[in-house]
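Quick heads-up: structures coming right below.
What follows is chain A paired twice: with chain B in the first complex and chain C in the second.
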Partner chain A sequence: MSIEQFQDRNIGTQNYFTVDIEDYPVTGMEKFRRVVRRTFRGELFVGLWVVLREMFRFDIHTVQYPKEKLPIGPRYRAIHEMQRLWESGTERCIGCGLCEKICISDCIRMDTRIDENSRKEVTEYSINLGRCIFCGYCAEVCPELAIVHGGEYENASEQRAHFTLYEDMLTPVEEAIAQKQKEFPGFGAVTPYEDERVKKTPLAY
Partner chain B sequence: MDVAFIIETIIKIVVLLLVFSALAGFGTYFERKVLAFMQRRLGPMHVGPYGLLQIAADGVKLFTKEDIIPQNVVAPIFKIAPVITAATAFMAAAAIPFLPEFTLFGYTVRPIISDVNIGVLYVVGVMAIGLYGPLLGGMASANKWSLISAARAASVFISYEVVTGLALLSPIMLVGSLSLIDMNNYQSDGWMVWSQPVAFVLFVIAAFAETGRTPFHLIANDHEIIDGFGTEYSGMRWGLFFIGEYANMFFISFLTALIFLGGFGDGSFLGALALLGKVAFLFFFFLWTRAAWPDVRPDQLMWLCWKVLMPIAIINIVVTGFVVMFKG
Partner chain C sequence: MSMITITIDGQKIETQEGEFLLNAARANGIFIPAICYLTRCSPTLACRICLVEADGKQVYACNAKAKEGMEIVTSTDNIEQERRSIMEVYDVNHPLQCGVCDQSGECELQNYTLELGVDSQSYAIKDVERAAIDWGHIHYDPGLCIVCERCVTVCKDMIGDTSLKTVPRGSDPLDATYKESMPKDAYAMWNKLNKSVIGLTSGEAMLDCTSCGECAAVCPVGALVDTEFMYKSNAWELTQIPATCGHCSAGCQISYDVKHESIENSSDKIYRVMNEWNYVSLCGAGRYGFDYENRGVTKDKDAFVKAIEAFKQADTIRFTSTITNEEAFILQRLKEERGYRLINPEAKSFQNFLQEYSTISGTALYGSDLKETHDANFVISVGTALKSDNPNARYAFNNSMKMNKGAGLYFHPIADQVIEGLGKNVMSINHAPLQEEAVLYLILDLFADKAKLPEAIGKYLEQFHSKKTVTITETVKEEIIESVTKIIVDEESGEEKEVTEEIKKMVAKKIDKEVEVQSNALLEMVGAPENFNEALAKFLKKANAFSLIVGPDCYTHPNAKNIARLCALIEKYSDFKLVMIPTLTNTLGVSLLCDLDDEAGSYSIGYNTSGDFTLSALGNGDLDMPALNQQEGTLTSINKRVNPTNAALDYAGYELNDIANALGLESELTVDYTERLPVERGFRSENFDALPNHYTNEGVEVRGYLLDNRGVKTDNNEHVDEIDTDLTLEEGSIIYLVNPVRQFTAFTNTTEQLHTDGGLYMSETYLNENDINEGDTVTVSTSLGELRVNVISDNKIDGAIACLPTFDSKINSEALFGGYRFTSASIKKV
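Showing the complex of A and B:
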């Protein structure tokens, strides 16, 4: 089975059919005939043949997980990441607090201050991953594309209520300057066709 | 009874116990691998190369696990039940010739512990006592799943003893002896399966019920009654049930091969290899059906036994009797 078949959500156009169920036997003779038919039709041997064929074909589908991993989709919503601006490496987060406000499981906490350049600066930022349901609202609401969802899904920990701190999520400066930071193609990200889709603000009225 | 005979017998018993306990372990490995390959999985892969040391890991786990005796169980019966299963399985092996006679350092070894003249009767009878393992274990467990399993064990084993016995009766009539070695030698000019195909099919079906393997896996049916009689057991007591089950599978495979499939033939080295090959195939067949076939319901199992298999077995005996009478 290929991934396309799973992604095909057009229910009406697929090859569904109703299973033809024969009537249940009522009289003793009918029951007897059904037993005889089922006994000598050799269906049990069909089953034996099918599994034996699969054994010799040896088309194993197991993914040996810690050694092999399946690729995940670009819109996968795993542990959050904090992005930096390209080239300058300045933090993208402007401390607007929208993510804290919209978080439906109330797991984001942030603290901000106005720094010496009159720019709002994030002093404290944490996500309680024990509560986070990975809905992606924070990433969607972020106006600066600062908080995004990464692909790191192996987050087993000794502590259930493990806090993720701002420093843990933030892209290292060197990485941002070297332009190795992966741009987020998921929720809220700019799509390749944004120019055609975004309409100008109707100032005329 | 001289000393040499006693020492020889003790050595044979120890070898048999060691070999078949180990084979029970390897049996679990093969079962997991074969089932996995048939279901397009890999099976155990992490412990050792290709998961080969999984048996050792399982053994260490079973031996070191805490032996829990739950609060409301009938402790003496609860403790003795797994021993009954394992012990009866191995006791039944006493009358089975596992290989033909061979000479080792000038000493003739007969790989059968005791060639009693009631061989088949003894093997089938002692295997039937194995019923008390699941029955007593299930009833003593103070657990309703176990109780259901005990009731099923009693009904299934008692019913299918009838089929086993009646199916074996017609080969016994042809051979005229109960010794498994005589049965093996009788087939030198043609396997029993060609002269007694109906008895062979009946015996194989009954063997699945007796060992509680998949089409008739009702006694410890994981998906409806957890592990049946084994639910409350832990550690090596549970492991004894397991060893008993797998040893039973091997012994009943030997029995089928010896009675119906020509056994070890003329007793040459090739014949011995052929016997082991037949047993290996029959054991594989046990695993194969587990991957392929669904389980039947308990009432269907009883229906199959009393309304289908038993009448066929009796007709088979009558026909065999007439043939033996008129052909001499």
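Showing the complex of A and C:
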């Protein structure tokens, strides 16, 4: 992208028009006249009439929140979700701690341990939503696509520090096995061109 | 060795002649990549990444020695290619599990892969199955292992256990085309790497070593990790708190790695202990015994009021030497202000020993330190169970054997397989208890400059010498000529021919010979083996740097004063440099700071020991005190260094300073006393916060400050008593007061990883001979008391001496001993 298109300020080819603004009143008399004119012209009723007209037309554009919600774009960064693997339903999070490290508002903490199968297990994971600035770094850095930003943006809380815990964020296991878990196309997800960008490693098998 | 000038990448630097190029470069801030090299150990030449060009020839910086005028280039096109290929080889089949690997974030494979910009892989080989193994306290994952052999090297050259070695990997040979296509060194390195993984020398399933964990510390990747630490925390989450280990007198530099305990509990917890492994090696107690803090203490006002009352009532303070210099100074100040008697038998005996020593040496402190032992090539250890009393002294002993091709004599009544296993150049001489005097006389006899030695001593030593004729069997090689008849088939005609040939042969022949030899009665007294003289002659061939380690057995010996004088004489009249092992963590500091008393009064305060009113950091006293990992302060080490240590964990209770303040001393913080430590006793007036605690790239120890080894007036009396031959232990079994490896005090025993039940440690032969089994309960009784303990079999000792530990507070073992660490006892099976 070059800078030229920004330097090209060719206004004339478009349909611009100047707004017709009358001169501001200067003297006291002029100001008085304007007040009288506006008061008795009934501009208030013009507005009321528009509302009344639209009410009878039944063509209302207002979204009836919270009964009605607008769809959220895939790249919107709301409250985090923890994904599971397809079919097996195993938790994707391996407890690498990169999200904890990269978090610029220092709101992620996790506890890990070695489990019975000698694997690293995440025993608890918490995000302090009072501190989180929803920057999306955690989702971007996650090597396993485990932590993603979901569409749940309603995080009003009675207290400043509001924590969300691992099990709140984790996809229910039945949902994952039933393959109902939505794959995340948003922040940090694999792009369609990933194969072209990866160098291949020779294999001796 | 002289200073020379070499040029690295155009930069002129000064270094010692014969210094390895890598060390010279590091000391001057020049970076040469290297993975397998460990400072203070021999070059392994496994990684070959430290390639440099010296005077136009490619050499390995870790084993090429500096010569005057050398021109070194650290990077050429060829070297860059080699390095890149080497890193690619290291990445072949290395699992991409950095996400869960404990080393991630401090991994040298990660670092060098990035440093050298490895972004693609050109090599491949079929992997073999390499399953992870648990070796007890160490977990080994061969999949992650890059076989740099640092663990093998440190275990052999520094620790001396030689528990690890390389074992065959069992993989396919490398693809033949690589030999042509790959850079030469990278191929050679891969060829070697591809044949080996790390295994145990013993061939058994579990590690049976002194469990220091140094192998896991030096591992550049996550192949060797501490089993307990595994998957607990990422490296970058831990805050490193520089400190000094509080378990023994070595005063090792460590860092406590601290993080919040969990999501629920945000109070700090120590996760592990790290060390600068290039310059300091830890023992198992230092590495795994870190959680000895006094937990959950709050300010208990009632107990504090009672403590003040007790202090007002008391006339005696009993304490141990596991306290900081500042606390010892507070106790001394309290003594001066309020006339308390300070009772600390172990420090008192060391203090007496040092004082007696100074009357001849003319210095307040012994002349040497463990650094000089590391650099020596002939080391003698007397009166100490080296592996338990001060593991670092043992590392120094071993390191001097391995690195300087040195030799050593280990005089101790207990045959110790760990010491004997250090190498062929170590002779372990198991003299009878109480014979330490004879040992020191022997050293005087063998090494002192007889011409300078006081006449009386020279004459006394002369008495032990006599000539005697012995018959020895010598093996002589003789040349004989044999005639052999052979049947040869003529190849052309097929005829058989008889041919007689004469063959010259060398035949070994044994001849009995009568030889007149010098016999030394001292050798018999100390129970030296028959080949002592020949072995010693061999040991001494190249010896030119001598070190003598003297240990706690000598301080509590009934003739300790005489032994101290003998030590001073050896230091004065021979080439030996003397280092004494202070009994406990800060015994040296306490013995310098406190005027200790012999006799206790009627009402005593106990600090970390029992008294009528007990202050305890172990959590079992009348008033809680902070443990050494919860306090800041300084500790005096065996190297005569005053090392600072910081508080790793919070402590909310009262400390000794609060009591001192309530009794009239005024100081806001305990560390305010650091700059008030008495200069006339060798300390320096330095602010605690100004004390450094690190090593430089050159390996220079920048920690705290060195004590001033000030001069003491001598009376020019160099008289020493003759060996007290009447001194013997009573009939019966002999017991020895010593802790097993990894235990020092009750503090080490409170830690999660080291906690164990003590008992009577007996060698396997002793158990078999007396029909006692491991786990049996026995009563041990001496003239001073009786104990019931369980028997523990110790496969690392030999002989008929049983060992009682002091670390287990359930066993009041010290009550059985009258000062000296050996005593006779009767051991009966219950």
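Please note the rule applied: the second predicted complex is superposed on the first by the 135 of 205 C-alpha atoms of A that agree within 3 Å, B and C clash if a C-alpha of one lies under 4 Å from a C-alpha of the other, contacts with A are read in each partner's own complex, and residues count from 1 in each chain.
Rule of thumb we're sticking to: contacts are C-beta pairs under 8 Å (C-beta built on N, C-alpha and C of every residue); 3 or more make two chains touch, one makes a residue touch a chain.
Keep in mind it's a predicted model, so treat the numbers as computed, not measured.
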- [ ] Based on the superposed arrangement, let me know which partner A:128 touches: chain B (first), chain C (second), both, or neither?
- [x] neither
Task: Touched chain A residues, chain B compared with chain C - done: C
TODO: Using the superposition on chain A described above, determine whether A:201 touches chain B (first), chain C (second), both, or neither.
DONE: second
Open item on the list: One more residue to check, A:59. First (chain B), second (chain C), both or neither?
Closed with: first
Open item on the list: Applying the document's definition of touch, where does A:181 land relative to chain B and chain C: first, second, both, or neither?
Closed with: neither
TODO: Could you pull out which residues of chain A sit against chain B in one structure and against chain C in the other?
DONE: none
Open item on the list: Show me the residue ranges of chain A that touch chain B in the complex, using the header's touch definition.
Closed with: 35, 44, 47-48, 50-52, 54-55, 58-62, 64
Open item on the list: Under the stated contact criterion, what part of chain A meets chain C in this complex?
Closed with: 94-98, 100-101, 109-114, 118-121, 124-126, 143-144, 199, 201-205
TODO: Using the touch definition up top, name the residues of chain B that touch chain A in the complex.
DONE: 34, 37-42, 45, 288-289, 291-293, 308
Open item on the list: With touch defined as at the start, can you tell me which chain C residues reach chain A in the complex?
Closed with: 98-100, 104, 119-126, 132, 175, 230-234, 236-237, 260, 262-264
